[in-house]
Amino acid sequence: MRNHIKSKYELLKQQIYIIIYGSNTFWGKLFDLALLVIILFSVTLITLESIPRFDHTYHHFFLISEWVITIFFTLEYLLRIICHKKPLSYIFSFYGIVDLLSIMPMFMSFVFPTSKMLVVFRSLRLLRLFSILDMMPIIGQQYHLKLALKASRNKVLVFVYFIIVISIVLGTLMYLVEGPEHGFLDIPTSIYWCIVTMTTVGYGDLAPGTPLGQAISSLIMIMGYGIIAVPTGIVTSEYANARKQNPELEDHFSCPRCTKFIYDEDSNYCSNCGEKLIK
Amino acid sequence: MRNHIKSKYELLKQQIYIIIYGSNTFWGKLFDLALLVIILFSVTLITLESIPRFDHTYHHFFLISEWVITIFFTLEYLLRIICHKKPLSYIFSFYGIVDLLSIMPMFMSFVFPTSKMLVVFRSLRLLRLFSILDMMPIIGQQYHLKLALKASRNKVLVFVYFIIVISIVLGTLMYLVEGPEHGFLDIPTSIYWCIVTMTTVGYGDLAPGTPLGQAISSLIMIMGYGIIAVPTGIVTSEYANARKQNPELEDHFSCPRCTKFIYDEDSNYCSNCGEKLIK
Amino acid sequence: MRNHIKSKYELLKQQIYIIIYGSNTFWGKLFDLALLVIILFSVTLITLESIPRFDHTYHHFFLISEWVITIFFTLEYLLRIICHKKPLSYIFSFYGIVDLLSIMPMFMSFVFPTSKMLVVFRSLRLLRLFSILDMMPIIGQQYHLKLALKASRNKVLVFVYFIIVISIVLGTLMYLVEGPEHGFLDIPTSIYWCIVTMTTVGYGDLAPGTPLGQAISSLIMIMGYGIIAVPTGIVTSEYANARKQNPELEDHFSCPRCTKFIYDEDSNYCSNCGEKLIK
Amino acid sequence: MRNHIKSKYELLKQQIYIIIYGSNTFWGKLFDLALLVIILFSVTLITLESIPRFDHTYHHFFLISEWVITIFFTLEYLLRIICHKKPLSYIFSFYGIVDLLSIMPMFMSFVFPTSKMLVVFRSLRLLRLFSILDMMPIIGQQYHLKLALKASRNKVLVFVYFIIVISIVLGTLMYLVEGPEHGFLDIPTSIYWCIVTMTTVGYGDLAPGTPLGQAISSLIMIMGYGIIAVPTGIVTSEYANARKQNPELEDHFSCPRCTKFIYDEDSNYCSNCGEKLIK
């Protein structure tokens, strides 16, 4: 009898798992869609709440809605932990942390009222759309992009390090040339200005005022303009390489349950776990 | 007798069709050219009309010219519907909608006077130049670009989605750090600032004022600078791929009547419909 | 006797030709170098003259120097015409027109005093450095770049046309949304703003003030950010293609007299015209 | 006996050499790490010192710390000279000059007090991280990037020269069109503005005020937007080429002592100098 109950409980857990984590059943798709809509609604609420005019008029509506959504997210978070085979691996995964971050600020707001704004971190949950897309054939080609980004990461990081070191040196130089009287108040501000310039953002809150400063700026800009070519070259080359070396990924997709690659587009069932494939 | 009239009418319809839609006969070319000139003239008019100084002096000239052009465009629109084999497919095509949009605002201006400005939508008709260019051998290579853009679209859209989600999170962070006293009035404004920064536009209407805000901005800028590499890498790679997989498109062109690809440059007649080819 | 004089004159013409147009003899190199130095000096002069403080102090020095240089350039221009085999083809070549433009403004300044500033067009003569570089083995690889730019030109132009049409439509939309009270005075100004935004320049002299305007701007920016990938993709792909299809251009150079490609790096004489090659 | 002392001294020199220059022994790694930490600390100090508020409070702490670090760096510099086999080649190498520059400003500050700020040049020492990374297998792929940057350098420089010449011409044109009354005070300022625009930085400290100036600016922006494609295309293509032509560099690394490439990943000793390899 006990076993029976337990197996029923296990079955329920498995069914909830398929709905919450999977997206290849009707209820799984519906759940994912509903979740995205609720997240979007919640992000819109917190965004509008920051506008004094709206907050003044709809304060109570905002407060109640946010608590309702937070309680829903808390229940969902608990369900995700309960029905996952390895709860800890979920809790410490990227999405696990994001899910926790999206409910924490509301509870923390009892102690630190301003922390409530951090509820906007739940917009990171919108990235969950990617894991849904991964399971659709149309986006199967994203794997090439992922491979390319992974291969480029180290090289682009080394490159970013190089830019920061150069910005420190050139920022200080500009501080010496322009000085506080032209808005370059101190070295950190000058380094900030140098990054603004090298990345071609150019706010103009700080701009060189002396001829020498303008000449140095021109060199920095042309340098930044030439340097932008490097990360682009790296990513492009790695992406082309990932495509050439993994042609089998093209137009294929992975099993929504076991994430095995399905190379045969006409498959009706996953060859690994027997999952029925919906296309 | 009736048949004779009908066949004459059909013949006329076909001749008008060749002039209006085709661009490989003398009158067809002339019509296309005249149309482009009239559109350009019309766009220039509405543009100048928005300058109070000009509007004051030439108000009547502007009004009359716009009505003359609108009536001409209306007649052209009706002719396009009448002489097309499948009128509905034209009406709901991209150019069909653009053609309608380019005459509607003038008629709507009886009811909503400000809608007249929307006449500028007729500048979208200038895109029709592309369909003319398509028929010339010199631009035959555009097909590669079209294939590449089509293949890149989904990936670049996923990428844009990613940027927007990141902008929401980082925008809110900056709102908390900088606050309304430095111009970050509310979260939507901060998200707008974040997009301005990540895309390296950098107006400077909003700029971080606190050291912490400047440090976070610097990170956002360097991130945006690195991220710009991704869509570029995708398009470049897809374009190279489209070229490699469709070498036969290189330097070839399509039949102006049936749009079949003409692979043999020395052809004098389309192998599909027998149309005489002008080169 | 007459023939003797004429042949002597012809010989002189040929020697001057080698010095002025060539850059593979000692005197030819010296002449080219001296010319570049004089052009740089002249551009620096006109640049400094525009600064009131300098002009006040050194007015006479500036005036005399510019006339000396202009007379030198005029003599050089006449020599170039006289000793060229086909004077007309020189006069109407790019460099011929630039050479004329670099002396005209000074003579025109008798009639229109402000035209003197146009002397700065002589900085275009600095581009002559490229034709000198072309003859050196080290820059032989520039041919690939030239081929790529030639192949990309049409496609990038079509692309620029597309951006301008889009800017007209979106600029007008922003004019309707923001209106003159937020600085969008008329449609041309709004189109200018749209180009500033799409190219990610972002001066900030005009910036959207309404929430709707900021939302539309954000879309324009993200679009511009994605669009920048297209010309880059085209040039990259064409450049890679030019390299693959013309591997023989790699590390080779052309004869300085007849511009024939020298494929064999160890050649001492041009195989076409017998010119002694200096490496 | 003398020989014995000398050989002991030689042995000590060699051991110090391995610790200071190498990074494959425990003490070598520790030394490199400690050096990076000290450099970072020192750069942070000089940066904070430039902020009046901090300088006021911690003036003595800053002064003492900087002298302690400078003395440490001086000792390290002397040790590097002494224990290097060819001291002169170190002194005139890039890192040798940087190491000297990082101690000189402090000593010079006795004569020129403001020169002390130049201590920030010691942040260039942070680039030494690259030589450490070079020895790790994970970054072995950087060699491709180095090859690509070396191959691209000349072409990108020619390109930069082209941009500067164009900026001089267009900057002067804008000076004539806009004039001092719209902030284009003189030609150097206008050239500066043109570089700011072409590189898509766009501070907005100068912005065109006349319709003609805005039209010319729009053309400059679109040109700059198209031109950015060229260096990117060059670097991308060269990088792809470097990868294709040197596939053996992929995932390999070099001997930390003799810098010979280690092609066999399973090697335990360098095949050239017998150095034990740490992985």
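Per-chain residue numbering starts at 1, and chain names A, B, C and D are given in the order in which the chains are listed.
Note that in this section contacts are C-beta pairs under 8 Å (C-beta built on N, C-alpha and C of every residue); 3 or more make two chains touch, one makes a residue touch a chain.
Not measured: the values here are computed from a predicted model.
In summary, the chains found to touch both chain A and chain D are B, C. With respect to chain D, maximal separation of chain centres occurs for B (centres as means of Cα atoms). For the two copies, chain A and chain B, the CA superposition rotation is 90 degrees, given to the nearest 5. Mostly differing positions are employed by chain C and chain D in their mutual contact, as under half of the interface residue numbers are shared between these two copies. One finds 31 Å separating the Cα centroids of chain B and chain C. Centre to centre, using the average C-alpha position, chain A and chain C are separated by 45 Å. Of all residues in chain D, those touching 2 or more other chains are 188, 191, 200-204, 228, 232, 234, 236, 240, listed in ascending order. Those residues of chain A lying in contact with chain C across their complex are 200-204, 232, 236.
Every residue of chain D that touches chain A in the complex is listed here, in rising order: 43, 46-48, 50-52, 114, 117-118, 120-121, 123-124, 126-127, 129-130, 133, 138-139, 141-142, 145, 148-149, 152, 156, 159-160, 163-164, 188-189, 191-192, 195-196, 198-205, 228, 231-232, 234-236, 238-240, 243. Those residues of chain B lying in contact with chain A across their complex are 154-155, 158, 161-162, 165, 168-169, 172, 175-176, 185-188, 191, 197, 200-204, 207, 211, 214-215, 217-218, 221-222, 224-226, 228-230, 232-234, 236-237, 240-241.
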